[in-house]
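To keep things clear, I will list the structure first and then write my remarks on it.
Chain lettering (A, B, C and D) follows the sequence in which the chains are written, and residue indices restart at 1 in each chain.
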Amino acid sequence: MFNELEEKFKDECGVFGIYLNEPDSRTDAARSTFYGVYALQHRGQESAGIAVSNGHKIILHKNMGLVSEVINSEVVDELEGNIAIGHVRYSTTGESGPLNAQPLVFHYLKGMIALAHNGNLTNTVELRKRLATYGSVFQTTTDTEIVANLLARYPQDEIEDALAKCLVDMKGAFALVILTEDSLVGVRDQMGIRPLCIGILDGNYVLSSESAAFDTIGAEFIRDVEPGEIIVINKDGMKSIKTIDAPKTAHCVFEYIYFARPDSVIDKLNVYKARREVGKQLARQNNIDADLVISVPDSGTAAALGYAEGSGLPFQEGLMKNRYIGRTFIQPTQQMRELGVRLKLNPVYDVVEGKRIIMVDDSIVRGTTSKNLVNLLRKAGAKEVHMMVASPPTKYPCYYGVDTSRREELIANLMTNEEIAAHIGADSLNYIDLNGLFAALGNDENYFCAACFSGNYPIGTESIEEE
Amino acid sequence: MFNELEEKFKDECGVFGIYLNEPDSRTDAARSTFYGVYALQHRGQESAGIAVSNGHKIILHKNMGLVSEVINSEVVDELEGNIAIGHVRYSTTGESGPLNAQPLVFHYLKGMIALAHNGNLTNTVELRKRLATYGSVFQTTTDTEIVANLLARYPQDEIEDALAKCLVDMKGAFALVILTEDSLVGVRDQMGIRPLCIGILDGNYVLSSESAAFDTIGAEFIRDVEPGEIIVINKDGMKSIKTIDAPKTAHCVFEYIYFARPDSVIDKLNVYKARREVGKQLARQNNIDADLVISVPDSGTAAALGYAEGSGLPFQEGLMKNRYIGRTFIQPTQQMRELGVRLKLNPVYDVVEGKRIIMVDDSIVRGTTSKNLVNLLRKAGAKEVHMMVASPPTKYPCYYGVDTSRREELIANLMTNEEIAAHIGADSLNYIDLNGLFAALGNDENYFCAACFSGNYPIGTESIEEE
Amino acid sequence: MFNELEEKFKDECGVFGIYLNEPDSRTDAARSTFYGVYALQHRGQESAGIAVSNGHKIILHKNMGLVSEVINSEVVDELEGNIAIGHVRYSTTGESGPLNAQPLVFHYLKGMIALAHNGNLTNTVELRKRLATYGSVFQTTTDTEIVANLLARYPQDEIEDALAKCLVDMKGAFALVILTEDSLVGVRDQMGIRPLCIGILDGNYVLSSESAAFDTIGAEFIRDVEPGEIIVINKDGMKSIKTIDAPKTAHCVFEYIYFARPDSVIDKLNVYKARREVGKQLARQNNIDADLVISVPDSGTAAALGYAEGSGLPFQEGLMKNRYIGRTFIQPTQQMRELGVRLKLNPVYDVVEGKRIIMVDDSIVRGTTSKNLVNLLRKAGAKEVHMMVASPPTKYPCYYGVDTSRREELIANLMTNEEIAAHIGADSLNYIDLNGLFAALGNDENYFCAACFSGNYPIGTESIEEE
Amino acid sequence: MFNELEEKFKDECGVFGIYLNEPDSRTDAARSTFYGVYALQHRGQESAGIAVSNGHKIILHKNMGLVSEVINSEVVDELEGNIAIGHVRYSTTGESGPLNAQPLVFHYLKGMIALAHNGNLTNTVELRKRLATYGSVFQTTTDTEIVANLLARYPQDEIEDALAKCLVDMKGAFALVILTEDSLVGVRDQMGIRPLCIGILDGNYVLSSESAAFDTIGAEFIRDVEPGEIIVINKDGMKSIKTIDAPKTAHCVFEYIYFARPDSVIDKLNVYKARREVGKQLARQNNIDADLVISVPDSGTAAALGYAEGSGLPFQEGLMKNRYIGRTFIQPTQQMRELGVRLKLNPVYDVVEGKRIIMVDDSIVRGTTSKNLVNLLRKAGAKEVHMMVASPPTKYPCYYGVDTSRREELIANLMTNEEIAAHIGADSLNYIDLNGLFAALGNDENYFCAACFSGNYPIGTESIEEE
């Protein structure tokens, strides 16, 4: 039942890295990384970890749980070193044990190395088999371990050269931060599917999945890592290596719709602005007579404010969110069915009663939450409920590091818009269409990956591992 | 440092109770109480507990932690019975151990009894001494144990009569739910300082600090418990006993400003509407030229939307809240000072940059958060920052169950408005004044307790215990 | 199944107290008490606790678990004060929650007081009712809370006088240590059923259930607290108050048989020597031709060595004990039935094979373990197994603070010796008889309570609470 | 301080494995393995783990802690499969984290494989380097991971052939149990340094470090795995592959002195009998006039009983052991120095006072415990204390999987026997000599490894890794 409320697509990870030239304290790198991954917590709540190097040795701490549960002062005090990487993880079902928590640390011929990864390789079956043929063993089911084994094949090379050779073999979506004993490395897949950006803090370089993490530690955003670019940061500063050139980029459009923090800037686009523009565009495309605009908090709020702006209708908080929803939960009985939603979201009668309402949400996956919310609003006295969705219908699964439902569970594959509207009990239901989305974001399918809406996968998916 | 962000006044508790005539399952009462206190979690995050009676025996489960941490399915399965009460607690410093967690359960001459309490007696020193003279011993430092000892002096009486006799001695603010072996009892102090209301669910009566908890379990709000009223619910239905009559009521005005959920209705006033009206009133009183209105989320948002409505200025989300702030936290070093605020709230550059901003917050206690936020907005490029506070200056401590700072810490006692504006770096600072507040809420000091603003304490505070 | 191995009678508690005149450090009292209760851990493994006073205030730490789990360095660092008491508890079923863990701390008219108790009052029903009639409420089901409520009736008296008055009402077995804000008090019931003794450490007085705890902290044993004696230790030294005189003593004989540590001296009798003498006496009474003597470790070893000495037969370790048996355990399936015993005790083939064996155990309760062990020895090749029990048949429950099985579970009430021998598969079975036991211990029923063997209860048991 | 009492040599691990042909329940293999490692708990208390295969997939559960802490009913319920291996671990300092807990599970070209290891390879530096040159990465610092990587080099071979090839490279001491998807494999180093034996339970084969684990599950001992032998157990039964032949065996003699359970039979020698014979031999070699023999429990007891038998002196329990010593402990202050020993061992005055005592211990490492115990005995009134050590002086570190102290910490390297006697305060000190030991055990250095006494290392130690 809680899954109904949690039925959104899930981003799988957030990564962070920092290289301090002359830290004030031996734990400053770990401390900053703690703040960094804290700011990226929305990208994964399953496990968290930090690895640091003091130039000679890598120390690791990771565990299942939130950053605030996994990392405390005692832990930070142990993590001495001037270079650090961090990771937060959301995993797909089945393989979510502590062994798969990241970063992963490896000893290889050149010493120690730690990796933290956001994304999904699409040729892991083939890569794992090829590596195993030459004697590799695997202790996890992560792509990260595959990358480490690929890297270890080039012990004679500098890390950037080894990595460039690995990129030839690695297909799919990935934003990686790598910690060697004396450097911090970042790399992004050749179409830039998953985000990674560069910041600077008092002359020290920082890498992060999202720019909001830079704000948290007081660093300034410099630029995104480019598709296919390798960034090496060490005592000599920052070096950029451009690898294979792709004909187009394929930045994940869902980062703007739902995954990223509204206060992040990703691939030159401000996320909050993007959502607001989508809301405005929705208002432009749909001219529905209503009394007010409400949002499904928190992810629908920016688009709802855009819609209010575009339509001239007032925005109000029609649904109140309980801020204390924990991870464990007691199932309601059959008669208490509605409780799950009400525990999390409750209508404000004074706002809703007797009103014709536009309810804006960022996306619909299976429609269960929408149905419950429309029902709640009606019970609270809403005269009309018109649902606006700030993304096109999601019809296709993602193979690039996102946990989407299976195709047959996506309601947009099962019903027409009208049927969905009837199913959820709304007076009307409108999605933004793909062109409208691209118009609002100011770019098109040559810039974004919108495969979950269009089915146009930028990278072949034939060899995708069935896990 | 986190205290800076958590510097709000703290409500001390939330209470809930339910009497099921013919429950479908033996744990339905406990289950509903779980949902009820879950919905009241914002009233106390320190400890939680549920006590149930099966008509013969009371069983208790309580512990330190959030409701979702303390109560799980295994716990509910043990809590068999058709009557239940629940409690969430925030305590003042010093005495926050598990012994003081509530409900408290007692054996006395008539059997077992459990009590859960929101509020603060103002004559505990005297009561404790009087009881001890007659041989009472105390294992906790709670007011609840005092009430139990008072009750036990009248074992020959029906619970409502015993309670009526106790009320003669009990001074201060209290909303109590009491579980006897075969009844559920609610009582509210004679001026109705702390809230308590009655709901109904399929013919079964429910008591709660706030009506939003009724929504969560699907119950309907009936009415508030009246000041000085005793409500007894048992197999014969609900009975009301009116006790001592007070010349005025003194409903805590801060419930509307900050404590209560916006989706609750308390003493006939919708909380969300109250906040929005305060925002409108603020806009009416202050005519400042600006580009947009933002709020300090989440508590300032309703007033900010009211301000936007009143002023005609657009509302935007200028500060993003990290939804994953945990209870433990690693202190930043001196150089990282700002991080604490940024971890929790981060400006949205695209919204803020180059703009003249009205920032609305519900209240100011020590001013530290306000200062940090103004600073963040300026760094993000805000041209002007005008702060609007949706409550009058808080100048007086509360003795009625709220954890306020000491007088000398309240910034409004230390500086003029202009000095505060300068201190926090705002271009201007405006509070709503007390008359404006009363105007917005549609009632005055004969209805509300506004002692934290006015110093007019409705009950003498001479004998207040120094703890 | 583990109960089969744990089927012994259970002592319910151990108590300890210390008064330091001029401690070197503010936590020395707590630290010594930690060592003291550590040494008494065999008397109760369910909960542990320490309370300290610094002359003004009592601080308490207690929890479910072993001493080493409940008390750690951080805990001790908080427990500042020069007077301390400690407690370990084994409880009978049903009421073993943290609320009942001891010491219990109370506020009463004279300030704070903490109590720790070993034993069982036999008139609790009556006392609780009498107290409740005058308004007492009870939060636990412990006798200790009753004693505190009794004491609180005499707030005008010095602690020793108040206690003397309470003794008039308290029936049953008790060894109590009490911590007031400025003194340490010990008291023992008027027949001295449960043990309590006095030691000295560099001029500081110490109280303990057993003298072995004195060895652990380097204190010297002075003497036992006498039956009905109150010991008050404060800045003026130690004071003894003799109260009601009983015609006889009734020291629990089972302390010598099983409960106490072999290295303790209780009521002038060395426990190890007592067990050894019982073993010798057993050998004297039974002249069985055999090859060697083995014991059921660890509690049967001293008697087995005495038997070997008395009989001239060699002693060997025929059963090996696994030292790592934890508290949780996975139930074996039906086919693995024997495993429970074998996990804990395993025969040494080389010792046992082809031999005629005397197996000595301290007592038999339900006979299940004995049966399993005889079976194991036979499977390991023993030619004959003769069981010797170092106590008379246990036929009566104990009402004085010991958890014995119900009468109908005690095998000695169900079968003759011959039947038991047949039931457990032994070639012969011999108990020491009551006269033999008294002969070995050098005293008789005017000195000991042997009610569990004889049914002669030294205090009336009519009013015993059915819990 | 506790290290003083825990100053014994530490065995590093225990292994167990079972192959069930037709299990009654899907968790029988895991359940039996739980009992097996429970019985081997004395070989390692740091971490525990079980891996099972259902013919297709290997599932693993492991963690830091005792078997009873790591494995519970819920865990066993998850571990479905008919083949299982288990492991308990004691690790040397530094690398004792959960990553190094065993079994380790690997995916390689042929599927999944799990390994559990007791022992120490002596050429790990060389092996790790050689493997890394070909691209291997390492996530742990265990020898086990090296073996897995070696095995993965021969994916085309049957497991027994791959293992035979690995044995060519593996130097040192090892007893390994390996779980493939459809078989259970055991292997022992070519000199049989660490123990491993074969049992049978209703037609199903079992492997274990010690035979006592067979008793626990009701299995019968068949024979030891021979040095250099590979045992493969699968649906076709058991197969033996003899590999490289060594000119001598080198069974660890310390297993008989201290490591193994007295109720185990290892390499055809009953451990209890071995200890008793050593005690007899000690009595033969030393004719000291005394009143009684006591042991340092529990490890010295078998030898003490042998000594008593050989000398005709009576054996008594002169030192009582506290059975509840936990893993955490509060440091006594300087003045409380003796407490550490007394908490664990306390003299029985009645036994010791006025007596001339022979105290038998199994070995001396640094002499600190011995010194404390002699001191305790004297304080308890012992007239003379003569120490007998049931092993020769330990002068050399072990490189074969045992955690010995560094050479300069071993008291036998620092002082003569007379000096040690004076140092520990004994009236005399006698070790058994190496010839005496061999005589008692009935074999010599061609059979045993006694390098810790003689310095004659059976395998070159040049390339031993400095960790």
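In this text, a residue touches a chain if its C-beta (ideal position, glycine included) is under 8 Å from a C-beta of that chain, and two chains touch if they have at least 3 such contacts.
Just so it is clear, the model here is predicted, and its values are computed rather than measured.
Shared contacts of chain C and chain D, meaning chains that touch the two of them, come down to nothing at all. Chains that count as touching both chain A and chain B, per the definition above, do not exist in this structure.
Among the remaining chains, the Cα-based centre furthest from that of chain B is the centre of D.
Per-chain CA centroids place chain A at a distance of 49 Å from chain D. Centroid to centroid, with C-alpha atoms defining each point, chain A and chain C lie 60 Å apart.
Chain D has no residue in contact with two or more other chains.
Taken as a graph of touching chains, this assembly is arranged as a ring, one closed cycle with exactly two partners per chain. The list of touching chain pairs reads A-B, A-D, B-C, C-D.
Across the interface of their complex, chain A is touched by residues 98, 104-109, 128-129, 131-139, 141, 148-149, 152-153, 155 of chain D. By the touch criterion given at the top, residues 24-25, 28, 31-32, 34-35, 38-39, 41-42, 45, 66-69, 71-73, 76, 212, 215-218, 261-263, 265, 270, 272-273, 276, 298, 301-302, 305, 309, 314-317, 320-333, 335-336, 338-339, 342-343, 346-351 of chain A touch chain B in their complex.
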